[in-house]
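Please read through the structure below; I'll follow up with questions.
All chains are identified by letter, namely A, B, C and D, in their written order; residue positions are counted from 1 within each chain.
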Amino acid sequence: MAMMKTAVFVEPGRIELQDKPIPEIGPDDALLRITTTTICGTDVHILKGEYPVAPGLTIGHEPVGIIEKLGSNVRGYQEGQRVIAGAICPSFTSYACQDGLASQDGGCSCHGYKPMGGWRFGNSIDGTQAEYVLVPDAQANLAPVPDGLTDEQVLMCPDIMSTGFAGAEAANIKIGDIVVIFAQGPIGLCATAGARLRGASTIIAVDGVDARLDIARQMGADVTLNFRNVDAVEEVLRLTGGRGVDASIEALGLQSTFESALRVLKPGGTLSSLGVYSSDLSIPLGAFHAGLGDHKIVTSLCPGGKERMRRLLNVVASGRVDLGPLVTHQYALDDIVDAYELFANQRDGVLKVAIKP
Amino acid sequence: MAMMKTAVFVEPGRIELQDKPIPEIGPDDALLRITTTTICGTDVHILKGEYPVAPGLTIGHEPVGIIEKLGSNVRGYQEGQRVIAGAICPSFTSYACQDGLASQDGGCSCHGYKPMGGWRFGNSIDGTQAEYVLVPDAQANLAPVPDGLTDEQVLMCPDIMSTGFAGAEAANIKIGDIVVIFAQGPIGLCATAGARLRGASTIIAVDGVDARLDIARQMGADVTLNFRNVDAVEEVLRLTGGRGVDASIEALGLQSTFESALRVLKPGGTLSSLGVYSSDLSIPLGAFHAGLGDHKIVTSLCPGGKERMRRLLNVVASGRVDLGPLVTHQYALDDIVDAYELFANQRDGVLKVAIKP
Amino acid sequence: MAMMKTAVFVEPGRIELQDKPIPEIGPDDALLRITTTTICGTDVHILKGEYPVAPGLTIGHEPVGIIEKLGSNVRGYQEGQRVIAGAICPSFTSYACQDGLASQDGGCSCHGYKPMGGWRFGNSIDGTQAEYVLVPDAQANLAPVPDGLTDEQVLMCPDIMSTGFAGAEAANIKIGDIVVIFAQGPIGLCATAGARLRGASTIIAVDGVDARLDIARQMGADVTLNFRNVDAVEEVLRLTGGRGVDASIEALGLQSTFESALRVLKPGGTLSSLGVYSSDLSIPLGAFHAGLGDHKIVTSLCPGGKERMRRLLNVVASGRVDLGPLVTHQYALDDIVDAYELFANQRDGVLKVAIKP
Amino acid sequence: MAMMKTAVFVEPGRIELQDKPIPEIGPDDALLRITTTTICGTDVHILKGEYPVAPGLTIGHEPVGIIEKLGSNVRGYQEGQRVIAGAICPSFTSYACQDGLASQDGGCSCHGYKPMGGWRFGNSIDGTQAEYVLVPDAQANLAPVPDGLTDEQVLMCPDIMSTGFAGAEAANIKIGDIVVIFAQGPIGLCATAGARLRGASTIIAVDGVDARLDIARQMGADVTLNFRNVDAVEEVLRLTGGRGVDASIEALGLQSTFESALRVLKPGGTLSSLGVYSSDLSIPLGAFHAGLGDHKIVTSLCPGGKERMRRLLNVVASGRVDLGPLVTHQYALDDIVDAYELFANQRDGVLKVAIKP
């Protein structure tokens, strides 16, 4: 039985390289040989035991790779073809998927929804931090990579880019809008790029690290605010002449950023939340105008599926957005434990790490 | 100087009848002789001092009346014509109004928004619990009442019906949706009627008073739940086979109803909030799926303006919705203090009170 | 080899009963034993040779039946279960389906769209006017029928109800809208019911047959116009005080109805077209306001898939809409040639015919 | 009585400079001293007698100027302030305006709509090709120009930019869309810029003049096609791998461009039409897929009002779009007859002409 190296969650605080058999595929699956993958903030939550997964699971959910084997039912692809698949890779045949909620897919035949159920890689099935990964429902999820694009250029498509853009899309941005994005980690930076792509005319990026704010400008921010130097809420209100912003995007997952995002919002505006929260949230009565402010608070989980991936690949191929600056480090899969150490501690200005099996 | 009787806010706990001069109108105004008005839950908040207004203000914001005088700039109406005007009666010329946010109108020429700024009657200017009321920006706000409709039939249009329907509209209901409405006071009952009007196929109404649940069935509820007898959250989840509802409408303004509305919501669903809250709200992490549930939380303030009123009058005139059962009591303006006492204490099965100057 | 009776297109003008082998199913398929099906206007186009299909094809696309056999990959259903499937039954895994355009599904793995490609029964594969039908991609398409509903009650869901409602949905109806529907055949009647379900407050139904206008009233029309007695365009404009309608729905497929639907439309209104046209259409310059009228013209092909079917079944089960009056005649499958003769010639007040194998 | 020079429509084929009294303003008006205006394609239609206006009318509808006098009711502006006003300048108080259809404003108090009724300058009242112009309903229509912007930079906001962007907005562009724009005159170029601003990832611009295609690239086109060298329909289909475009924008007003825009459209796509047509349009049956292609055909008239202008000014001020290259020529008002001659004949590579009183 052929074996492969994989990064496995063992227990809280411990992810390690283990050998596992290369998966056997069924008729609807594909087997990818991973050429590049990466580590996500969610993986760090898993490492720390904050997001529970089964011990022994291979983690990671951002695949770039080559089709090694194709299931007998999967049509229109070739072995040897370079593809990506979304972090969210449901069947697309379920009630939830047909209801437009593929990310919350409860499975195939019951009427129910399962929160985050569309996310399978490194969550409910073995993930992508490995030499090979099995892609279920391959017909719905494999997206060919256009020639001429590097792995690094498309590495953000499966999750970070799809999520960040979704934050901008859910914010219902209109031409001429003023938008603020709180936190400029990888997802916040993609939300900044997404806000630019949707036509916001004033984009304000907030973070506490100047290097990230520099990249925020490359992604399309007009104004950057380091919250260590200014009161971001006051400054945003000042910049908008007291009007408030049309949309605010939360990209971190803390009460403080959520609350700030609400405090700067015009009545009638949209707070688009992307963060993964770890405790109950409080909505301050005043900022919420007692429930009479015509506010919208929306949350988004990463959209997936091959059509979403195709669109994001087009955005990259057309040069609209260059997320190259987000890939700051590269590690061999053999050194992934070191990569986790660097990434979890946010050392050396790391944004995203390319992992090469 | 001709005088009129008006219900005036004196201090917390005290509203009393006082004489005031009948207002002089300017070129953009109209003077209405009120034939019927009513008391709103918001007026009770004012009475109790929970919502601050200036002492001496005439309160009330739901006018049915006859045009007594028209300003020189106001075209297309006649003195003697029977009209209503929305509780929200902004100019419609401001930035906020042109931005689709008339309820949050910050006034005419600054760029700003003012939370609830579009609400003027009985808030920032003298209101409708009086023999006469001055309607500002009459050109934008007067809506003629079709012949053959009684005052009582159209009395809900200015506020309760517009607000309740807005809750259903903001819930983004689609044909075949399952919708739950928490609380079946006047606004909740109108939200129930609105959900029916938008095509929900299973409507669940929740309240603690059986008489209100009976009316909820008249308004279109398929299932009614008395939370004194059943755990409403459990029962809604049971009724939906664990799927959760497509939309939940909160129509009271308490943490408990807000939270229940979130707990029964499917991932990807919409919580449409109509309540006036009096303290910070808490979003439970679990019900919020850590921010990854593709949830929408939306709040709505009563839409106003003559086009909104025209549409609601059409709904009444066509017989689509009969809100007659909501007007349970009638008082002369002279007895309005008694009417407040009844309404504030929710005695005698009161839902809405018609006040006749 | 077990055989079954099927209605087969032989050549223009000739549909006849033939025996065919009962299909063998693959792992993703289901075999249904048809208990009730019907004839659609499109089938008449096929019969007349106006819509080309391959000679030898079994036609019909509206199945109510019992699961006889389930493919090995299909989960969550049981043999013996009563189900329906939409006339449109694509895989839901393709680019087009994930793009929200399942009806126009170009197939699985190319990027392309195929006009009407999602429609397979009786178009690109054998259809439902038979003792048995093979349902491809059964996981995405089978919808269980709630207990207590008759075949006749759910017979419209797969096509006529889904199409008619889609016409109302695409018309973007808002509460208080005035809507006109041109032609009150089965689809027009369902569009009338759909407009009512979405909150239109004045619904005007136009046809040339009084019996159909009577049923239109049962479906929710407020006003009915027999174009043999009145000039429908003039009368609609008169009824709306010259304002025009908010939305007009075309449900026949002729230049005359299309053009009338445009002539009664307010600037800014939506013309929602459901008809199958057989020649080029002309847009009159004046009615189109030289292209400056902020008009929308939208066309809809029947939405399918199990989630759509589930929603429509809910609408029926809740009693919101009763399409029973549309099933005017019943025939055995053996007599289907007679049924075609009746239906194609619109004799005896026929609306829809239940066919019983 | 103080007099001013104005460009007046005399009869078909003849526009000439005439002296008129400087208008007296009413309480809701403002008087602008025009500093820059321009000639629009619609003005050429007027000149040629193709679009009828009253002889003696001052034409032109794109004002940049200084507030000379303010009506007594107009608040929040100062005399001497530099402002623009939209070509569409309705009251915003009418039913149509409150219904979201300001461009089709039928006036204040009837329920009706009037096609193009929101357009007043140079259509139903004296226009902007003059030393002074009276702005009606000034409260709703005056938008201050941010410091630091030249007249030429904001000259497109009142009409061309608002219209072109509206074409992209109405096309419902999503991130990753492929969009084609037929004709690259000033409006088409703005539609190209608008498509870029909304997130299209492949933008194809079609015209017959290479110089315009060069500017199209500056506005954001990825691919340009000169229809004199290639069959644009075939080439667009080839470029999209037969898939068709997500949206096509028609920006000229001919049967040929309208038809091409339909032929390249994917099933389910949107044809956004901006052209002013001068004859009936034909919809080819095949390109329309017999009415079953889930197509949308939408037309847009220039959005106006001060909020729209504010947003467009923000887009210019932020440097998102630079329409400077569109202003190819400059004339004194005294020479406007020459300017018309140049513009109407499209000589010397003219795109837009700045007119300076």
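What we mean here is this: contacts are C-beta pairs under 8 Å (C-beta built on N, C-alpha and C of every residue); 3 or more make two chains touch, one makes a residue touch a chain.
Computed from a prediction, not measured in an experiment: that's the story for all the values here.
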Which of C-D and B-D has more C-beta pairs touching across its chains: C-D
Option reproducing the contacts of A-D, where over half of them reappear, out of A-B, A-C or B-C: B-C
Chain B and chain D, separation of their C-alpha mean positions in angstrom: 40
Junction residues of chain B - those touching two or more other chains: 99-100, 110-111, 310
Interfacial residue positions of chain C with respect to chain B in the complex: 165, 169, 174-178, 194, 197-199, 201-202, 222, 310-312, 314-315, 317-318, 320
Sites on chain B touched by chain D in the complex: 27-28, 73, 75-77, 91-93, 95, 97-100, 108-111, 137, 139-140, 305-308, 310
In the complex, chain A residues that touch chain B: 96, 99-101, 103-104, 106, 110-116, 240-244, 253, 266-268, 273-285, 288-301
